[in-house]
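In the two complexes that follow, chain A is the common piece, with chain B as its partner first and chain C second.
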Partner chain A sequence: MGSMVEGKKRSILKVFKRKSIGNRISPVNNILINLFFIMCSIVCIAPILLIIAISFTDEKVLLVKGYNFFPEKYSVKAYDYVITAGDTIWRAYGVSILVTLLGTVLSLMVICLYAYPLSRQSFKYRNFFSFFAYFTMIFGGGLVPWYMVYTQLIPIKNTIWVMIVPYLMNAWYMMIMRTFFKTTIHESIIESAKIDGAGEFRIFFVIVLPLCRAGLATIGLFCTLGYWNDWWLPLMFITEHRLYNIQYLMYQTLNSIQYLVSGSAQFAESAKILAELPSESARMAIAVLSIGPIIFAYPFFQKYFVKGLTIGAVKG
Partner chain B sequence: MMQIKQGNTTIIKPSVNKGFLYELKNNWQLFVMLIPGVIILIINNYIPMFGIVIAFKRYRFHGSFINSIIQSEWNGFKNFEFFFKTPYAFQITRNTILYNLAFILLGLVIPVAFAIMLNEITNKRTSKVYQSVMFLPYFLSWIIVSYLAYSFFSIENGFLNRTILASLGMEPVKWYFEPKYWPFIIMFFQLWKYTGYNTVVYLASISGIDNEYYEAAEIDGASKWHQIWYITIPLLRSLMIIMTLLAVGRIFNADFGLFYHVPRNSGQLYPVTDVIDTYVYRALRNTNNISMAAAAGTYQAVVGCITVFTANFIVRKIDRDKALF
Partner chain C sequence: MSKTKRIYSMILITLLALTLILTGCAKLPAADTGSGTGTTTPSDSGDSGKTKTDEPAVKLTWYLVGNRQEPDTPKVLEEANKYLKDKLNVTLDLYVFGWGDEYDQKVNTALAAGEPIDIVFTANWAANYNVNAASGYFTELNGYLAKYPKIKEILGEDFLNGSAINGKNYALPTNKEKVHNWGWLLKKDLVEKYNMDVSNIKTIEAIEPLLKIIRENEPEITPICIATMDAPFQLLDWDRISDDDVPGALYPDNRDYKIINHFLAPESIELYKLMRDWANKGYIHPDAATMQNQVELMKSGKYFAASQSLKPGKDAEMTASTGIEWVQVDVTRPVMSNRETTGALLAIPAGSKNPEKAFQFIELLYTDKYLKNLLNYGLENVHYKKISDNVIELIDPANSGYNPGHGWKFGDQFKDYLMSNEDPQKWEKFLAYNDEGLVLNSLGFVFDKTNVETQISSCKNVVQAYYKQLFTGAVEVEPTVEQFAKELKEAGVDELIAEMQRQYDEWRNSK
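Showing the complex of A and B:
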């Protein structure tokens, strides 16, 4: 009797826990694996902690002792300086925010509008347009012609648009979104809306998009991360100081000392930045401030990234 | 549009016989939706594809882009000849391929091992914490990574020189001028950034495996090792092959940020850090050698395209659904 109850309990347990008790690894192995991952976690997080520590280190201590995890003297001067005197930094921050917001909204629109017709079984040319997008993932013209297009053909060099337009369409995200539409929206919903007299645009904006909020969030976060972390487009196309985004500003400030020493062509430009940002700890403070929003949004990122990965893996 | 009644369900079939104009008239709204994407793809991807002719010309600026292309004289394969005669052609190809091979191998073995171990941890909540922490580096830009690297490797103030080596009584190392350390540093940061991400991908696949397999194996007396070796790995094999082949397809493309920002574009390190992407960038922007940059870029694009097609062909043979096209 007792053993039967016990057995029942265990089978219920099995439903809730993925592994039965007997199939677990031994406690010793469990501890070893845990220790191993604690080490890995430290390796992953330590460099970030180091730059945070540096940003809070007193400048004089920094010069005497170098970078350290546990500074002898703490100071918030770097942040004070960055927040009050760093006009350049707030500008760059503003550019980053503007580009990220505008870029995310626009590229979500472009991607969704492209993905939706391709998800429709009744759209005859969906294979052609799918291939039209896929092909860009396989073959490209290389850096030089691409550079020429944005500097000569459509001269948007040194404008905010050059940091947005090249990333508006992404074939991979488009594929994920198409799969999302395909699996979420049944053709019969669209048919019935059509019978009720709704046009395609109305169906798309009023019925389809609200049903696909999770997909929008996933792709939206992909785009946000892409735009926020972008340094490639400013590196290629932005020479004007006032249009630097936060990533590119960091790149320039890390290199400024090197440039001064080597006396390169960008000497004058670097000197200007260096005069405004003299301290080592201030540089690290900018880096910390640029990671800030990512850490803040991290729980969302994680949730939707994994979702996006699993959707992306199931190709429709 | 044809509707075929089949029992209670209606199957909607696209009309087969009607032409493009009919479709355009009937579904014009769907075509309108495609317009923004098509325009961006044409500007960003298709026009540059035709721009490949630059590699076969002596490119000179003549006003507009199209005019420059038309006016520049043909140069045949001279640009390529010139490029392949430089010692860099071999160096950057070797670096690109060797690093990618290392990344492919390590990017397969380590994440799979990590995913299997994480899956075995008894306490699921701690497992989630490890995943979150190890996933974090994926979200940082290469600029930030170059800052992190700099805080360790900085010659004057770096943590390694000032704290670790000093406390061991060793001489400081000029990290940014010593090529011999960099293959390891590059590989470390690549793994540091992407291991968490790849682990999560494999872990998602492992947690999709039906638990009954393991229960049955346990009843038959299979040890943990046997279960991993005969159940988990065979069930992961298709994902492992796909991920690997997709990476093999991109073996000619290097991550510009990793090779440019992390070594801080230090000239002394080029023998071990210069890859095709960084070479093309410098030829275009720093030395302003457009023909050479175009030749190297085209070489990369064409060979890269061949490897993608080959890899995709193999993926198709293994698992049709996972193929890119």
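Showing the complex of A and C:
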């Protein structure tokens, strides 16, 4: 999350710089603004650094001295534990990466294919289909019917698809995308393409999509994050342990510990079980591993991100 | 425009209605088969003794709560299935889900959707036994219990009735320690170093001289370890009617039938004062009110005494799992309460297609020593090796492929092998401990929260805001208790207690 805010910060700074060409802000203000955002960045980055520090702290030191950015004694035992604890983690990693890649591509496709027609003035039923999507944002079917759709109507429980399909369509992203198509693609471009003999599909894939890279990148990033960070769908639908994803694995461990600590578990064995669950540093090591690959998604999207972020707000 | 809008909304409504009907259709068959088999009385299906192997084996799906699915589960199940094929002609599919939210969420949605699960673990603290039984999600087992009487013989009438709701058994409790008591775990090296005599600590105050010795001689050690509800307050052992943080309890000695607000009972206030005194003397860590995890604190080795729920051999168990040696000091008298009777149960969901097979399988967990130990410890010579007939040693427990610690979760725990570091007399001591216990009057009473849900949640909020300071002696007792009492009154504690009393009296008269 920290780096997302940092991205925002940079985008805002850029806006400031651009403005200051003609109407320069005073050096004092400049320093103050910079200081302010440096503080913001530190607030975002410090917890992550702390987690990394904890994951490298010796367990005994951790229990006795508590958390510290610069531990008295370093240790890689936590990673050793996590990595040698069977193939569970690596398998979960694989599931997460597969679901994220597949999900993002499919989801972008579904969203664009829905949003594009709605952005075209010539589409007669666009109001109805807009409302159709909008309606789902206000009314939901409830948990149990929703659950039954994916277990009985479309029986995909305990498959990789159940972690993808429920998030394929997102009415909110669809609307952002529709606005983006509307504002970026001028009707005259489509017209000229038509005159040159291009069909609807060709216009969409060859002309419209390449022009909307910024929008695609933004929505793509949202989808990637959504799929990567999701533990709710496995919680609902996955009972086979080989299909657990990395976030769910982490959720499961942390949640177990929190529950047993809370004192609501009134059974004599709870203390013993607690003592045997992964140690503090091992948990932090899992957390560090889980942010690993997703952090590489940011630089990739960075280029488009600044432009993309303004679609919903300014131009909307 | 308004006309087209109307048409659109008509289409929408039709679509919605269609979806409802469709989902309704999808649900019906499942619900039908669920209730159909659920209500089948044992006498209807008279073919109980069928173990003919030419029939296709029945698959039983079993949900359990635990740390994780052990990596070698398939190997163990393969072995178990070979054995069960001849015994009952069933195969087993075992799923283990994490503590708390994960398990509750998984089981509750599956039950609500009528999924064909055959056996689930449930308890007063997991997959809410009382609520799910009351909602009709569990099969009533009285008929099966009469038909297959072995479980009743093993558990005993008293204990089995304690887990029943309005005289009906919806789940079968594990046969293990049936009572609990409270006391201290003391750090062994310090007890030996100062030659402490722990035999006559029978009250909470009696430990004070020991704390004094530690405080004066061991500057590195905090005498008492407190975190959240794990505090000496528990040594009062109130027989709580509802959750830990809901006011309303009986005295744990059957002295009367009057439910009181135990957070403000004279005994509790005395204890708060004692804690304040101890905090002032430095026996309690100044930050104890914000500490979270008692066991982690105990592992650090910087604490001398921790209040714990006890049973025979608890000290050995905690020594093994914390890496620090402990001595156990029993303080309160053992009692048999609802905490134990509904502490670990197996139920058969109404969605099960083979409730009778499931019941027969559960019966095996109580009677079949081989099966019980196979599921608990895994394969001989792979996961454990036998030292003598009834004593085993785990092979490389830290990296073992199967070390789930299931012993107390199902069946008859007294059939489990003992570990080499355990007291060989463990089960005999457990049995003696069970006999020692006082059966509380409230055993079998289940409080129905529906009428007072608002009062319960507001009272919980108030308790959450005050209990830590009082339990750890962080604040002056008199003014805080006064404020505490005032806020509880505003939260509706009087109506809550009155409702508890009403239900309790009704239940008592109907017995």
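What we mean here is this: the second predicted complex is superposed on the first by the 202 of 316 C-alpha atoms of A that agree within 3 Å, B and C clash if a C-alpha of one lies under 4 Å from a C-alpha of the other, contacts with A are read in each partner's own complex, and residues count from 1 in each chain.
One rule holds in what follows: a residue touches a chain if its C-beta (ideal position, glycine included) is under 8 Å from a C-beta of that chain, and two chains touch if they have at least 3 such contacts.
Given the structure is predicted, the values throughout are model-derived calculations rather than measurements.
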Inset, instruction - Tell me which partner A:255 touches in the superposition: chain B (first), chain C (second), both or neither. - result: both
Legend entry - Touched chain A residues, chain B compared with chain C: B
Legend entry - First (chain B), second (chain C), both or neither touched by A:239: second
Legend entry - Partner chain(s) touched by A:294 [first = chain B, second = chain C, both, neither]: first
Inset, instruction - Have a look at where A:43 lands relative to chain B and chain C in the superposition and call it first, second, both or neither. - result: first
Inset, instruction - Considering only touches as defined above, state whether A:229 meets chain B (first), chain C (second), both or neither. - result: first
Legend entry - First (chain B), second (chain C), both or neither touched by A:88: second
Inset, instruction - Would you sort A:128 into first (chain B), second (chain C), both or neither based on which partner it touches? - result: second
Legend entry - chain A positions touched by chain B in one structure and by chain C in the second: 63, 131-132, 141, 143-145, 147-149, 152-153, 236, 251, 255, 258, 280
Legend entry - chain C contact footprint on chain A (complex, rising order): 60, 63-64, 84, 86-88, 127-128, 131-132, 135, 141, 143-145, 147-149, 151-153, 235-236, 239, 241, 251-253, 255-269, 271-277, 280
Inset, instruction - Report the residues of chain C in contact with chain A in the complex, numbered from low to high. - result: 8, 11-12, 19, 22-23, 26-27, 30, 67-69, 71, 95, 97-102, 105-106, 109, 112-113, 115, 123-126, 177, 180, 227-230, 243-244, 292-302, 308-311, 314, 317-318, 321-322, 339, 343-344, 399, 401, 405, 408
Inset, instruction - Could you pull out which chain B residues touch chain A in their complex? - result: 1, 10, 12, 14-15, 20, 23, 27, 29-31, 33-34, 36-38, 40-41, 43-52, 54-55, 64-66, 68, 114, 117-118, 120-122, 126, 129-130, 132-137, 139-144, 146-152, 154, 156-159, 161-163, 192, 196, 200-201, 204, 207, 211, 214-215, 218, 224, 227, 239, 256-257, 261, 264-265, 277, 280-281, 284-285, 290, 293-294, 297-298, 300-301, 305, 308-309, 312, 321-322, 324-325
Inset, instruction - Spell out the part of chain A that touches chain B in their complex, as residue ranges. - result: 14, 18-20, 22-25, 29-30, 33-34, 36-38, 40-41, 43-45, 47-48, 50-51, 54, 62-63, 65-69, 109-111, 113-114, 116-117, 120-125, 129, 131-134, 136-149, 152-154, 165-166, 168-169, 174, 187-188, 191, 199-201, 204, 225, 229-232, 236, 247-248, 250-251, 254-255, 258, 280, 283-284, 287, 290-291, 294, 298, 301-302, 305-306, 309-310, 313, 315
